[in-house]
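For reference, chains read A, B, C and D in written order, and residue numbers begin at 1 within each chain.
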Amino acid sequence: MNIIECTGISVFFGGLPALRKVNLGVEKGEIRAIIGPNGAGKTTLFNVINGVVKPSEGKILFEGRNITGKPPHVICRMGISRTLQIPRVFKDLTVVDNVMAGALFSGRLKGDMLEKYVNDVLEMVGIADKATVKGGQLNIQERKKVELARALASKPCLLLVDEYMSGLNPMEIEDAIDLFKRIRKEYNLTIIWVEHVISAVSSLADQVTVLNQGEKIAEGKPEEIVVDDKVVEAYLGERVVKHT
Amino acid sequence: MSSILKVEELNAGYGDVQVLWDVSLDLGKNEVVAILGPNGSGKTTLLKTIAGILKPKKGKIIFNGKRIDGMPPERIVQDGIALALAEKELFPAMTVKENLLLGAFNKHARKNFNENLELVYKIFPRLKERENQKAGTMSGGEQQMLAIGRALMTGARVLMLDEPSTGLAPLLVKSIFDGLRQLMETKQELSILLVEQRAIQAVELCDRGYILSNGRIVYEGDIREAVTSGSFMRKYLGV
Amino acid sequence: MLDIFPPLLIIDGIVLGLTLSLIAAGLTMIYGLAGVLNISHGELVIISTVTAAVLLQFGSPLPLALLAGLGAAVALSSFLERVVLRPIYGLEGEERVLLGLYITLALAIFLHSALVSTFPLAYLTLSLPIPTVSFLGLTFRTAQLLSGGIAATTLVALFLFLKRSWSGMAIRSLTQNEVGALICGVSVKRYRLLVFIIGGVLASSAGYIRGLVATVGPETGLEFTILALLVCVVGGVRSVYGTIIAGIVIGVVYTFLIAMIGTYLANVALLVFIMLLVLIKPYGIIGERW
Amino acid sequence: MTAQIRITRRNQLIAFITLCTVYIFLPLLFINTPYVVFIMTQMLFFTIFAYSFNFLFGFTRQLFLCIGAFAGIGAYITGILLRESIVGVVESVILSTLTVGFIGWFVSYLSVRRRLVVIFTGIFTLAITLAFNNLVIGLVDITGGETGFRVRLVSLGLLDSLPLYVRFYYLAAATLLTTAFISFYLLSYTKIGYAFRCIIDDEVSSGLIGIDVAKIKMITAVLASGLLGYAGALYGLFSQLITPSYYGFLSLDIPVQLIVILGGRATLLGPFIGSAIISILNEALKFLGPLTQVLYGLILVLLLAFFRNGIVDFVKRRIVPWFF
C-alpha cells in the first residue's frame, strides 16, 4: 500500500491554476524526487500535503487516513514533517533546543527517549558540534541542517524536503547525498523531495515525478526521465526534441 | 568585437544565501548573448545584481568601461542598462501608455520619448491597440510585451530579458521572439542579454551563450553546437 | 429631529469629508511608499494651526502666519521621514509595519502632550468678513462654501499632480510595484521624502480649511488621525482615489449621525462600523488592492 | 544543555523569592507614610496590566491596543453592579473577569480566524478603545459621563484588619505574585513554556513542528483579558472612583506599553522592572506636571528607535542569562 496517495489535486490562486488534477502515490520507504521548471507547482504540492494550503479539489490519504484540509500542526503530529526552501529555524533558541522543540511537540516520542533521540539526530545530520549555538548565528547551510534535524526529531514516517541542495558546492552536494542515504537507512523513512540539482536526484531518487505548469507530465526512474521527450521539451522548448 | 558589459567573478545572493559563485561573462556591442540554465541556477539573481537591485558580495561589473557594481538601480538605468523581469513587475492599475511613460522616467529617455514609443509600437503592435487598457487586466503574453517595451523605453544600450517565454503559449512566444528579432534589425547600438530556461528560442536569436548551473558557469561558447550535441542535457541539468 | 435643514447638513458633511480626505490622502501615500501607518499624521495638522495661531496672537500678518504654519508641518514631516523613521527602513514586512505604527504612535503622544501643555490656548479660527451668502433661496455660510471650494481645488490639484506630472507618476508607480519602479529608474529615497512633504502640505491646508468653519484646538490632533485612519480603512489603504470618495461618505454620514444621536454615540456607531469593516474587508471597500 | 536549564531555573526561583520578600516587606518600611503605599499599590496594578499586555503582545504577538478599555469594562461592571446593589463584591468581580475574558477570547478568535495581520488587530482594538471611551461619556445616565461615579469602600474579608491603605496593596501584590509564579512555573517547567518560546520566535515554524498556534493565542487572550477584567475591577474598588480618564489610552495604555518595552518584551521580570522605573520617574518628575506625558512620548520614541529589546534583554545579553 502507498504511504501517501494524492488524487486529483487542484489548487487555484485567484482563478489561476497552480496545480491541475495531480495524482501522486508514493510507496513506503521510497525516495521520490519532484522536479520541474519554475512555477511548476512543486512547492504548492508540498503546501497542500502538509496543510498550509487547502486544495480546491482532490483528496489526500496518508496511511489510509484522509488528511485533506487538516491544519499543519495536526498533520505534523500524524507523522509528516517538512523542511522549507528557505530554512526558518528558531533564531533565539540554541540548535539543541530547536531540535528538541521538533521532538517535543509532535507527540510521537515518549519522555525518556527524547534526549537520546535528539542527540542521535544531531550526530546524524552533522551539527552536534554547534549544539549550544543560537539558531540566529548559523549560516544558511547550518540552518538547513538544523531544520532537517528538527523535522527528523519529530519522528516522521514521511519527510518532505524542499530544495535542500541549492546553493551547495559539488563537495557539499556529495556529503548531502550521503546524508540522505544514511537517513533513509537509519530511520526507515519515506522521503518526498523537491529539487533542481538534478545530479543529486539521479543518484538518490528511486522514482522521479516531473511537474510542468501545474500538471504532472512524467513519472519514472531517473534515467528514463532524463531522456523523456516531454521532460526535455518542458525544460528546453519544443523544437529541441525534433532536432535530436 | 569590443565588449559593452563585462562581469568578472561575481558573487551574489539574498542575505546570507549565496546564489552566484564567481560568475564571469562578456557581452559585445550589438550582440545577443544567451544565458541558459534550469530554475534555481541563479539566472534571475544575476540580472538583478547587474541592474543594481541586489548588491554584489564580490566581483566587478563593468559597463562601457566604467564600474557600476554597487551603484543604485536608478543610476544604472540612466546609464543605459534596462531589465525586463519574468515576474513582469508592471504597474497593474496604470494604463499601458502610462507604464511605457514610466519606462522613460530618466532624463535622457524623456527626450527621446516619441521615437522610442514608435519603435515599441512597431515591434509590438498589440501594445498600441491596448494603449489605454489597465496593465493588470492584460493577458500574460501582453504583459510580457509591455515589460519588454517598458525596458526599451529607458533608451537602454543593454537590454536584459528574464525568461520572456515563461508560461506563454507557443504562438505568443513566437510573436515575442519575432518582435525581438525585428528589434535587433532596426535598432542600432543595442545588445541583449537573454536569459532563458528553454534553450531553443534562444538558439534562434543568438550564437554565443553561457550555461549556468547551480550558480556557476559550466559552459561558454557556441550555443547552437551545445544544444545539438548529445551531452547538452547532461551539462544543462548538471548531471 | 434635525435642527438644521438637511441640505446644509449635507454641505457641512461634504466640507468635513473633503478636509478628512486631504489628511487621509497624505496618510495613504505615506503608507504606500514607506509602509508606515503614520499615527502622528493628525499632529501635522495641529502643528501648523498652532504655529499660525500663536503668530497671529503676536500680531503677525495672516499670510505670514499661515505660511509659517505650513513650513512647520513640512519641516516636522521631513524630520519624521529622515530621522525618526530611519530605524524601520531596514526591516521587512510585518516587523516594519509594526515598528512604524509604534514609533509614530509614540511620536503622536509626544507631540500631542507637548502641544497641549505648551500652547493650551492656541485655537485657530479664521473668520471671514462676510458671514453668509444667499443662493437659490437658501442661505449658506460663506466660510462653508469657501472651505469646500479650497478643499476641492486642492484635491483636484493633487489628482492632476499624481496623474500628469513625472513626480506624481513616480509616486503612483512606487505604491503599485516597488521593484517595477526601481527598474524604471525611480529613486525610492527621493520620492519617499517627497510624499512626506506633500503629506505635510495637505495636512496643513486641511487644518486651515477646518479653521474657516470651526475652531481648531491643540488637542484635536488624535481625533483627526483617527477619522483620517477610518477614511483610509474604508477607502483601501493604498488607493488615493478611494480615499477621496470614502472621505466624503464618512464626512456626510458622520455629520448626520452627530445631528441625530450626538457626538459620542455617533463616534461609537462609526467605530463599530469600522471594526466590522476591518473584519469583513481588511483591504477596504473602494480601493482596488494594497 | 540540561545543566544550563537547571541553572536558569534556579536563578529564576531566586529572583522570584526575592521579589516575594521585597513585595511583602516593603510596605512595612513605609507604614507611616500612606502616600508611598498608595503609589506602590498603583505600581502593582500597572504591573498587572503590563503582565497582561506582555502576554498578549510580547508572547503571542496579539497587539491589543485596548488594555485600558478592558480594565475599564471590568471596573464599570463591578462599579455599577455594586452601586445598584445588584450582587455582592465577589460576584461582581467574578462577572467582570468572565465578561472581559470572553471579550478577549472573541477578539482573539476573530483575528485568528480572519487571519488579521498584527496591524489590523491593532486598528481593530484601537477602535474598541475609542468606542469604549465614547460610549462611557455618551451614556451619562449609567456611567456618570466624564466625571464618573464614586464607589463605596468594600469589605475585603480577612484583609480588613489591616490599615486602610495597606489592604489593596496586599490584594494587588497577591494577584501579581500569583500570576507571576504561575507564569514562571508554566514557562520554565512545562511544555507550554517551550511552545511560547517557539511562537515568539517564528509562528510558521511553530505550526510546522506541531504546535497549535491558534489555540495557544486564544487561550492566552482569554487568560490575559480575564486578568485585566479582574485587576480593572479591583483598581476601581481601590480608587473608589470610576471615571473614563483612569482607563483612557493616554493614562493607561501608554504607561503600560512603556513598562513592557522598557522592561523587555516577552520577559517575566520585565514588567516588574519597567513599572518600578516608571513609578519612580513619575514621582521624580511630578513637578513637571502635564509635561511628564511629553517626556513619556519622547522616551517611548527613543526606546523604540534605539533600545527596542528592553532592559531585561540588555542585562540578559550583557550580564547573565537569568531572566526569561
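Assume a contact is a pair of C-beta atoms (placed from the backbone, for glycine too) under 8 Å apart; a residue touches a chain by one contact, two chains touch by 3 or more.
Remember, it's a predicted structure, so these values are computed and weren't measured experimentally.
S.K.: Of every pair of chains, which is linked by the largest number of C-beta contacts?
M.R.: Per chain pair, the contact count peaks at C-D.
S.K.: Taking each chain's centre as the mean position of its Cα atoms, how many Å separate subunit A from subunit D?
M.R.: Taking the average C-alpha coordinate of subunit A and of subunit D, the gap between them is 43 Å.
S.K.: When the C-alpha atoms of subunit B and subunit D are each averaged to a single point, how far apart are the two points in Å?
M.R.: 56
S.K.: How big is the gap, in whole Å, between where the Cα atoms of subunit A centre and where those of subunit C centre?
M.R.: 50
S.K.: Can you pull out the residues of subunit B that are in contact with at least two other chains?
M.R.: none
S.K.: Draw the chains as dots and join the ones that touch; what shape do you get: line, ring, star, complete or other?
M.R.: Basically the chains close up into a ring.
S.K.: Going by the touch definition at the top, which pairs of chains touch each other?
M.R.: By the stated definition, chains touch in these pairs: A-B, A-D, B-C, C-D.
S.K.: Within their complex, state which residues of subunit B touch subunit A.
M.R.: 13, 16-19, 21, 38-41, 86, 163, 165-167, 170, 197-201, 214-215, 227-228, 230, 233-234, 236-239
S.K.: In the complex formed with subunit A, which residues of subunit D make contact?
M.R.: Interface residues on the subunit D side: 1-2, 4, 191, 194-195, 197-198, 200-202, 204-205, 207-214.
S.K.: Which of the residues in subunit C come into contact with subunit D in the complex?
M.R.: Counting only subunit C, the residues touching subunit D are 37, 84, 86-87, 94, 97-99, 101-103, 106-114, 116-117, 226, 229, 233, 262-265, 267-268, 271-272, 274-275, 278-279, 282.
S.K.: Could you please specify the touching residues of subunit A with respect to subunit B in the complex?
M.R.: Spelled out, the residues of subunit A in touch with subunit B are 37-39, 86, 139-140, 163, 166-169, 196-199, 202, 213, 226-227, 232, 235-240, 243-244.
S.K.: Would you tell me which residues of subunit B are touching subunit C in their complex?
M.R.: Residue positions touching the partner: 51, 53, 72-74, 77-78, 82-85, 87-94, 98, 101-103, 105-106, 109-110, 150-151, 154.
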